[in-house]
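By letter and in written order, the chains are A, B, C, D, E and F; residue numbering begins at 1 in each of them.
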Amino acid sequence: MNNEDRYQRGVEKLREVSGEAGERVIDMLKDIAPDFARYLIEFPYGDIYSRPGLDLKTREIAVVAALTALGNAVPQLKVHIHGALNVGCSREEIVEIIMQTAIYAGFPAALNGLFSAKEVFKERDAS
Amino acid sequence: MNNEDRYQRGVEKLREVSGEAGERVIDMLKDIAPDFARYLIEFPYGDIYSRPGLDLKTREIAVVAALTALGNAVPQLKVHIHGALNVGCSREEIVEIIMQTAIYAGFPAALNGLFSAKEVFKERDAS
Amino acid sequence: MNNEDRYQRGVEKLREVSGEAGERVIDMLKDIAPDFARYLIEFPYGDIYSRPGLDLKTREIAVVAALTALGNAVPQLKVHIHGALNVGCSREEIVEIIMQTAIYAGFPAALNGLFSAKEVFKERDAS
Amino acid sequence: MNNEDRYQRGVEKLREVSGEAGERVIDMLKDIAPDFARYLIEFPYGDIYSRPGLDLKTREIAVVAALTALGNAVPQLKVHIHGALNVGCSREEIVEIIMQTAIYAGFPAALNGLFSAKEVFKERDAS
Amino acid sequence: MNNEDRYQRGVEKLREVSGEAGERVIDMLKDIAPDFARYLIEFPYGDIYSRPGLDLKTREIAVVAALTALGNAVPQLKVHIHGALNVGCSREEIVEIIMQTAIYAGFPAALNGLFSAKEVFKERDAS
Amino acid sequence: MNNEDRYQRGVEKLREVSGEAGERVIDMLKDIAPDFARYLIEFPYGDIYSRPGLDLKTREIAVVAALTALGNAVPQLKVHIHGALNVGCSREEIVEIIMQTAIYAGFPAALNGLFSAKEVFKERDAS
């Protein structure tokens, strides 16, 4: 496979998972680190998200759990709560995943995750 | 619901998810913090894991992702890789989940997660 | 003990420690995760904070240190700086605790903790 | 104050808090980073621990909470569980502090803290 | 060496690295923790930054990498992106360093680092 | 560029930076996640490390700082202390970089980094 195909596959996967929010991140990188925009499409989306063996919904469940636990990447958590909803998670499932992380990363991480989910749900209700 | 029921429900859920490894953690707490052993059964397993709205397999996928990302709780990650396998994840799915976290928590976190999975798979092959 | 008593005990402890700020957190959870609001009252406040063996002031000292060190839960740190003051810490003691964490979690964590304390002290002077 | 006095004050405070374990850390630094051994005595112990405004027992409570929450500094956590006991904390208080952090940093961090405490208690029983 | 000399050396080093941004941090500490302002000058700048063996540019490269990886100290990261530029790093080098950390701390940490760099570059273009 | 070239470039860069230790990591992944071994060569080494704009020595300085600060990836930190030495850092420079991170990530992170460096230096003296 050449890199152009990998990039194209990544662009499509990014659109499927993250929609406009993903494209906005890519745009924000254009003037400061255009190569990093390319890597972000190629490795995460062209390589990892494009793998068989786990459907996109399950991947986004893992991502929401990981980002809630890390607790220091709120913008990315919001992008991926959108992403999880885009690929078939229900709001109830997202709330359950975040509550589950309270056990492993503590109540503040879970609270901040729930408040991010609340904002995302509002954004979607408004549009 | 009284607390005794909650405790019993937690004991059963702990056994279902974590099997002997879960009981070993409870035993290790007996002489130093027996009340914490009880809380561990009641809140995580009696409350959270017992909720409807997300099946056990999905919960364990979220937990493996969260613990891999945090990267500072290797014994618990191993318990929950066992747990994920106990409740229906395949080894391939676990490897996919851990590779997915490389994007969000970095390659070292994912490498250490994969090496934990490797040890767990060996333990299961040996028994 | 039944769960209703545990909940009531938690509500009282939450009020004693966190006052209005605690109630505001509970309110913010009502529409997105009402069960999590209940868990937050039951386990942290009904179980842990209600234990004998450590007074509330000492518990809040531990919490301010832990949240300053983690550094990714500013809203909760502010709630518990209020909490520490509510249960008998002086402002000087809070500043000492946060400075102490500089050794273990670095100067940025301590600086951000001190700036949170500064905001809390201003809020209390204003009201 | 000149730096020699600060160093001497730090040496005494290190001995009071961390005893032989503290001296062992200093020794381990001698061949690789002797200046860092000196800074460790001067800033944490000569400056911070020597301040009035918070007694040593309260400082160690904050340190045990912070290190349990961070979860990636087990050797230092053990040194400071010893330290907390050296300056007047009871074993019961240490167990309470670590259980308190479960709320803020998750159950794995608290479990690993309790297991560190268990090892320290055994070391002291053996000597 | 007496402490007064150490303080003076720290003030000069802070000015050289962090310029006005450093002085602003010191000012913000004056009313809440003036001693901590003094420690911040003495230990980081008077002791560590003043050491021979590594030039200031290399030190700031290490600091930008560490703060990007930690991901929970955005104000300090911005101060040190300014700092790195003040002591001779180019904008391109800073972007490279932050992209490098994506491997070790994940894409969200690197993205947030790049967006901090973008803000700093704008601030410098505006003044 | 096609992916085969990217892979070859990555293999060479991995060898240059991490030598045998890098190859050992790749080998350890072979039976559990061979694709991840490939990604590890392609993205970090084939893409990032192969970029112009920052020499390998400076990249490794950033990596040692980032891994010391994260504090939860000791095996990787040791690989990259070796790496830093392989591409031209002196032992003194590595010690300086780790001491520098004490300011930003705390003394325990720096102590554990220095003890990792001590082990690496011994390994190299022995061989």
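In this text, contacts are C-beta pairs under 8 Å (C-beta built on N, C-alpha and C of every residue); 3 or more make two chains touch, one makes a residue touch a chain.
Source: prediction; values computed, not measured.
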Contacts common to chain B and chain C (chain labels): A, D, E, F
Chains in simultaneous contact with chain C and chain F: A, B, D, E
Which of A-D and A-C has more C-beta pairs touching across its chains: A-C
Same or different residue numbers at the chain C/chain E copy interface, by half rule: different
Rounded Å distance between chain B and chain F, as computed from the means of their C-alpha atoms: 30
Chain A and chain F, separation of their C-alpha mean positions in angstrom: 28
Centre-to-centre distance between chain B and chain A (centres being mean Cα positions), rounded to whole Å: 23
Residue numbers of chain C (touch at least two other chains): 35, 39, 43-44, 48, 51, 67, 70-73, 76, 95, 99, 102-109
Complex contact set, residues of chain C against chain A: 25, 28-29, 31-33, 35-36, 39-40, 44, 67, 70-73, 75-76
Residue ranges of chain C in contact with chain B within the complex: 1-3, 6, 35, 39, 42-43, 47-48, 51
Interface residues, chain F side, partner chain D - complex: 70-72, 95, 98-99, 102, 106-112, 114-115, 117-118, 121
In the complex with chain B, residue positions of chain E that touch it: 102-109
Chain D partner contacts - residues on chain C that touch it in the complex: 43-44, 48, 51, 53-54, 58-59, 61-70, 73, 76, 92-93, 95-97, 99-105
